[in-house]
Amino acid sequence: MAKCRGNKKKGKIKVAINGYGTIGKRVADAVKLQKDMSVVGVTKTKPDFEAKMAVKKGYKLYAAIPERVELFEKAGIKIEGTIDDLLEKADIVIDCSPGKIGAENKEKYVKAGVKAIFQGGEKANVAETSFNALSCYDKALGKNYVRVVSCNTTGLTRVLYLIKENFGIKKVRATMIRRVVDPKEDKKGLVNGIMPNPITLPSHHGPDVQTVLDVDITTVAFKVPSTLMHIHSINVVPEKIPEREDLLEVLRSEPRILLLKENDGFTSTAKIIEWAREVRMRYDLYENCVWEDSVSIVDGEIYLTQAIHQEAIVVPENIDAIRAMFELKSREESMKLTNNSLGIGKIKI
Amino acid sequence: MAKCRGNKKKGKIKVAINGYGTIGKRVADAVKLQKDMSVVGVTKTKPDFEAKMAVKKGYKLYAAIPERVELFEKAGIKIEGTIDDLLEKADIVIDCSPGKIGAENKEKYVKAGVKAIFQGGEKANVAETSFNALSCYDKALGKNYVRVVSCNTTGLTRVLYLIKENFGIKKVRATMIRRVVDPKEDKKGLVNGIMPNPITLPSHHGPDVQTVLDVDITTVAFKVPSTLMHIHSINVVPEKIPEREDLLEVLRSEPRILLLKENDGFTSTAKIIEWAREVRMRYDLYENCVWEDSVSIVDGEIYLTQAIHQEAIVVPENIDAIRAMFELKSREESMKLTNNSLGIGKIKI
Amino acid sequence: MAKCRGNKKKGKIKVAINGYGTIGKRVADAVKLQKDMSVVGVTKTKPDFEAKMAVKKGYKLYAAIPERVELFEKAGIKIEGTIDDLLEKADIVIDCSPGKIGAENKEKYVKAGVKAIFQGGEKANVAETSFNALSCYDKALGKNYVRVVSCNTTGLTRVLYLIKENFGIKKVRATMIRRVVDPKEDKKGLVNGIMPNPITLPSHHGPDVQTVLDVDITTVAFKVPSTLMHIHSINVVPEKIPEREDLLEVLRSEPRILLLKENDGFTSTAKIIEWAREVRMRYDLYENCVWEDSVSIVDGEIYLTQAIHQEAIVVPENIDAIRAMFELKSREESMKLTNNSLGIGKIKI
Amino acid sequence: MAKCRGNKKKGKIKVAINGYGTIGKRVADAVKLQKDMSVVGVTKTKPDFEAKMAVKKGYKLYAAIPERVELFEKAGIKIEGTIDDLLEKADIVIDCSPGKIGAENKEKYVKAGVKAIFQGGEKANVAETSFNALSCYDKALGKNYVRVVSCNTTGLTRVLYLIKENFGIKKVRATMIRRVVDPKEDKKGLVNGIMPNPITLPSHHGPDVQTVLDVDITTVAFKVPSTLMHIHSINVVPEKIPEREDLLEVLRSEPRILLLKENDGFTSTAKIIEWAREVRMRYDLYENCVWEDSVSIVDGEIYLTQAIHQEAIVVPENIDAIRAMFELKSREESMKLTNNSLGIGKIKI
């Protein structure tokens, strides 16, 4: 593999975002909030309102598909060049293109000699290692190609890591009820129905968790006609049966987990998002939303239900992955910086 | 408790349906198809298209709420009297009123000296015993008050009974993904979101299964914005680990279970219902729809996914319950008669 | 244009259905019910449950895509040959393939020398004339290539034809609220939102109506997250202002129009379909469902709201088009035969 | 009617918000941004996350239902007293309770001698006059009881006022496609279907517009399973036919109207909200969102489509109504202050 420039750099890490869409725009804003990195540019495939928003926010815009530069010019959007131009200026590129496209882009990144972060829509072998800040930050230290696992895997891993560290885990069984598309989607979907996804069990989420956490896990997943958040129904057989209050305390003490109470009116993902609309722009919830009331010990097994905001949850992980890849900070230091800058751990309900 | 008339009667059992709605209209049609019973009348609370359909189909219509007789007359619908008049003519009443109303109706039934079947929306203690044909037909023999368990409990019980009988069961964990309302509903619902229901685990479905099957079971349930079918994601720890093919054979041999294949295009509940629309009026699926591809043995545990048509699945159970309560037939005989009359077990895909 | 065989034939008209999907399967069943025509075969592109249903119903099955014959054989489905084999046996082919594919198929039909009916997803110029039974049956007499207009256009045309014939029409304005996908769809959709379709006004529906009815009409259309029926909100400026009762009488006297009353509980398309599930297999509604209460005269203009079952409404029109193309019957005779065979005009609520 | 205190006061107007829910919380935040008014307190009926958010934001919280003070205390939420205590401190109360409850509350307000603003869920006769800032600010000058018209009426009135002022209006026909419930709702709804609302035409929206604008208008309305925004499909017969560009200029020059282009990717309400999530907290859109591409002149009639964010659009109107009722500012001055404080007119896409 080609050598990448930029290890242990002085000055800010120059970050390129390839794909200023659902994930890309959030990661860009998060990078901007860090003191040790800066956004050198973002790309778009077409000149829509997201492209205009990028420019308005002060990001330098590049065409993700070189042939389309003209399209942007016709739309009156200032464009700085193509993805190739952008890669020359960057120390690292965060690939936020749709699933499977990241792998196609990789050659470009290797050629340009930039480190790259891929998202969970790519297969694990696109990168040297898969990443979750809590569970395996150190494995990404100094790496050139890292994959931040998907929203569902990130959500599962955080909570399972905490349980494993504190009580040990013999077995995990989880059922994922997935929002079928993101809120902005208006062509794809499932309008009335429930879709096993996949039908042949188990789902890929279990093995995906195992790329970042050593745990015996079997998962099942479904798609339902909702856009707001995923739901995880989790069953864990712990090695040591915890007191419910101790388990709650473990969850409560991790800033990337929020405990929500039914008594506060959190009866569904609709209510969680209603609340989040007052808390952060774009109602971004970087935290796992665990229903405190759902945390139960039944016959020595742990049960809990959490909601995962699929658009936002991987954002802090991308930031931490950057720091790990440049060996800028330790896990604790990086997570603290990320948390503070994004307001994680400061929310009181 | 008052004595009920009609045990071991000669002639057809005279069945009254209190509440000609989603369940009631299906049970009425099913009773009509039996040789050993007849519908003596059905009730409605208001003179809508369902009331008119009842009359058109030849059912004698009674006012469920005595004060509303006039309403029906004004609407030009022929009415034979009130629920009280109907009860006098019946040997048994199938209470198909909305949840909790059945319990309120019970006094009326006791006073009238008629046997009564309640639906799963009522608490177990409304009746002498709860009922599932496969798992506990005999417990209803000669009883006066029986509760047919809910659609979800019926669906769970059938498949768990078969596994238990053949392989034994140590533990069951099931996640229910429930259609939020029936297709005809247009005022209630959940439009965009996912709702843990209940939030505090486990859900009532586990204990409800235990009213009809002795099994260690923990359940979790969610509501999603769909109207067609419920989905059950089931994990069973068997006493004896089956070969997958043996397990499939057990399921395949029970007429009240249908095995569906992804290869046939059954990718979601939307596709199952599309198919059912060609098979039965009202696309009624009395059978559990188990995805054959989902039936798996992972680490010695059984996983499977099934879809349950909430409007239809309890219909055959109501018919069998009637026969048990009048000690007309054995379990095998009754289920065979019910299956044959409703076309259960005759479907080839 | 090549000459087609089969004009004014003796014996039954031999009908091929190219595309046994949502429209094709309904048209096949409708053809089967006619005494003067028969289904010589149907095609499918893949061996799914619809293909199996075709065989089970006794239709001879052909591969719509010749290269895929093997796929069907692997799935154990008996296949009689390819679309080319089928066309040799037919007097006419009903093209029920997805929009735009019909035009691509046309060459095949011309080459085979068979008449062809296209659906409303094709452009008007695919055929010699566009067709609606009420408004322009005679224009299809003896034609070789006819396009049955779309579900929305058929629904609009029927009601506007009746108003025009009886009261004259100066101007029509209509807003269409379209179900975004059919019930069986589970990949496409709009999950939460409303989509102007098109955004640039007016919509194509107005000009499409004008292919079958000479009327001044401007239309606007939207897609919404529902699967059951389209809704039309119609405003007509008549030449002669009718009494409301006279207008109702005109609508009531046409069998292909159903008048529904709010008092009967028809509060939404959900309720209409609930009722239809008891009336016809697949809840097929061949009739426009006009809310009687919505029919109003306001300031000399007519307002009315109708629901259109997009899966079924063009079925009778396809049957009538066949008769017109072979000059078998007059408009009145054909519509009567079609109506009687499909149960149109016999429904009492 | 009792005399209200506080006309032409010195110092800030003391505003109470009765009902800190969907509308109330937005109005509170908007009042807070004004220099000439302040929030003296808000009420809630139950101690949920909205109540806690109110306290967190620094609003003094009162129990809307006096008997429930204890409930709040049990939930650990600081409560300042009851609605009665709050009314004593206020110059004006903005009633943001659910529809029809406002009228019930009125007596309390009269007794307390405070001016009151009601929302559009109340009948017009609850107040001395109905209110829209553009169309009839002056009618509210010095009034004690004013009703701000509903979201749909506000949206219609703004655009019609501008057309009327500039080109005259002979006739308006509008079809409203309404989101069935707000995003936070998880019990009510319409899951799959379309509901004429009302079925008997025309809808109440036309007469409601006439309470604030003298115009000949007939409206029709439907509910659809979406939560984000309403859609209005509007047809206007102008007295003087405008050039399309002139009409666009009129709309463009009003800050409370936003023109959106399809080319920017605004293909549905889902996309508009996606954009709004980056623009304002809670994605509040105080402006009518008119699709520029939809603005058309067809046969001398104007057609246009707009989307209305039902949660936010009446917020600026409530602020202006307060100023009018206290005769603080002229229409132009008040709208300018409101617009500037809320960021209306400053958005560039």
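Think of it as A, B, C and D in the order they're written, each chain with its own count starting at 1.
Heads up, the rule we're going with is that a residue touches a chain if its C-beta (ideal position, glycine included) is under 8 Å from a C-beta of that chain, and two chains touch if they have at least 3 such contacts.
Quick caveat, the model's predicted, so the values are computed rather than measured.
Novice: Nearest 5 degrees is plenty: how much rotation brings the CA atoms of subunit B onto those of subunit C?
Specialist: Answer in degrees: 180, to the nearest 5.
Novice: Count the C-beta contact pairs for A-C and for C-D, then tell me which is higher.
Specialist: C-D
Novice: Averaging only over C-alpha atoms, locate the centres of subunit B and subunit C and give their separation in whole Å.
Specialist: 37
Novice: Please tell me the distance, in whole Å, between the geometric centres of subunit A and subunit C computed from their C-alpha atoms.
Specialist: 47
Novice: Counting only Cα atoms for the centres, state how far subunit C is from subunit D in Å.
Specialist: Taking the average C-alpha coordinate of subunit C and of subunit D, the gap between them is 43 Å.
Novice: Identify all positions of subunit B at which a residue touches two or more other chains, and write them in rising order.
Specialist: Residue numbers touching two or more other chains: 183, 185-186, 190-193, 195, 225-227, 266-268, 270-271, 273.
Novice: Which of the residues in subunit C come into contact with subunit B in the complex?
Specialist: Those residues of subunit C that touch subunit B are 25, 46, 48-50, 52-53, 56, 75, 183-186, 191-192, 263-268, 270-271, 273-275, 277-278, 281-283, 348-349.
Novice: For the complex, which residues does subunit A have touching subunit B?
Specialist: So the residues of subunit A touching subunit B come out as 171, 173, 175, 177, 179, 190, 192-196, 199-202, 216, 218, 220, 222-229, 231, 233, 235, 262, 266-271, 273, 291, 293-294, 296, 298-299, 301, 303-305, 307.
Novice: Can you check the complex and tell me which residues of subunit D touch subunit B?
Specialist: So the residues of subunit D touching subunit B come out as 180-181, 183, 185-193, 195, 225-227.
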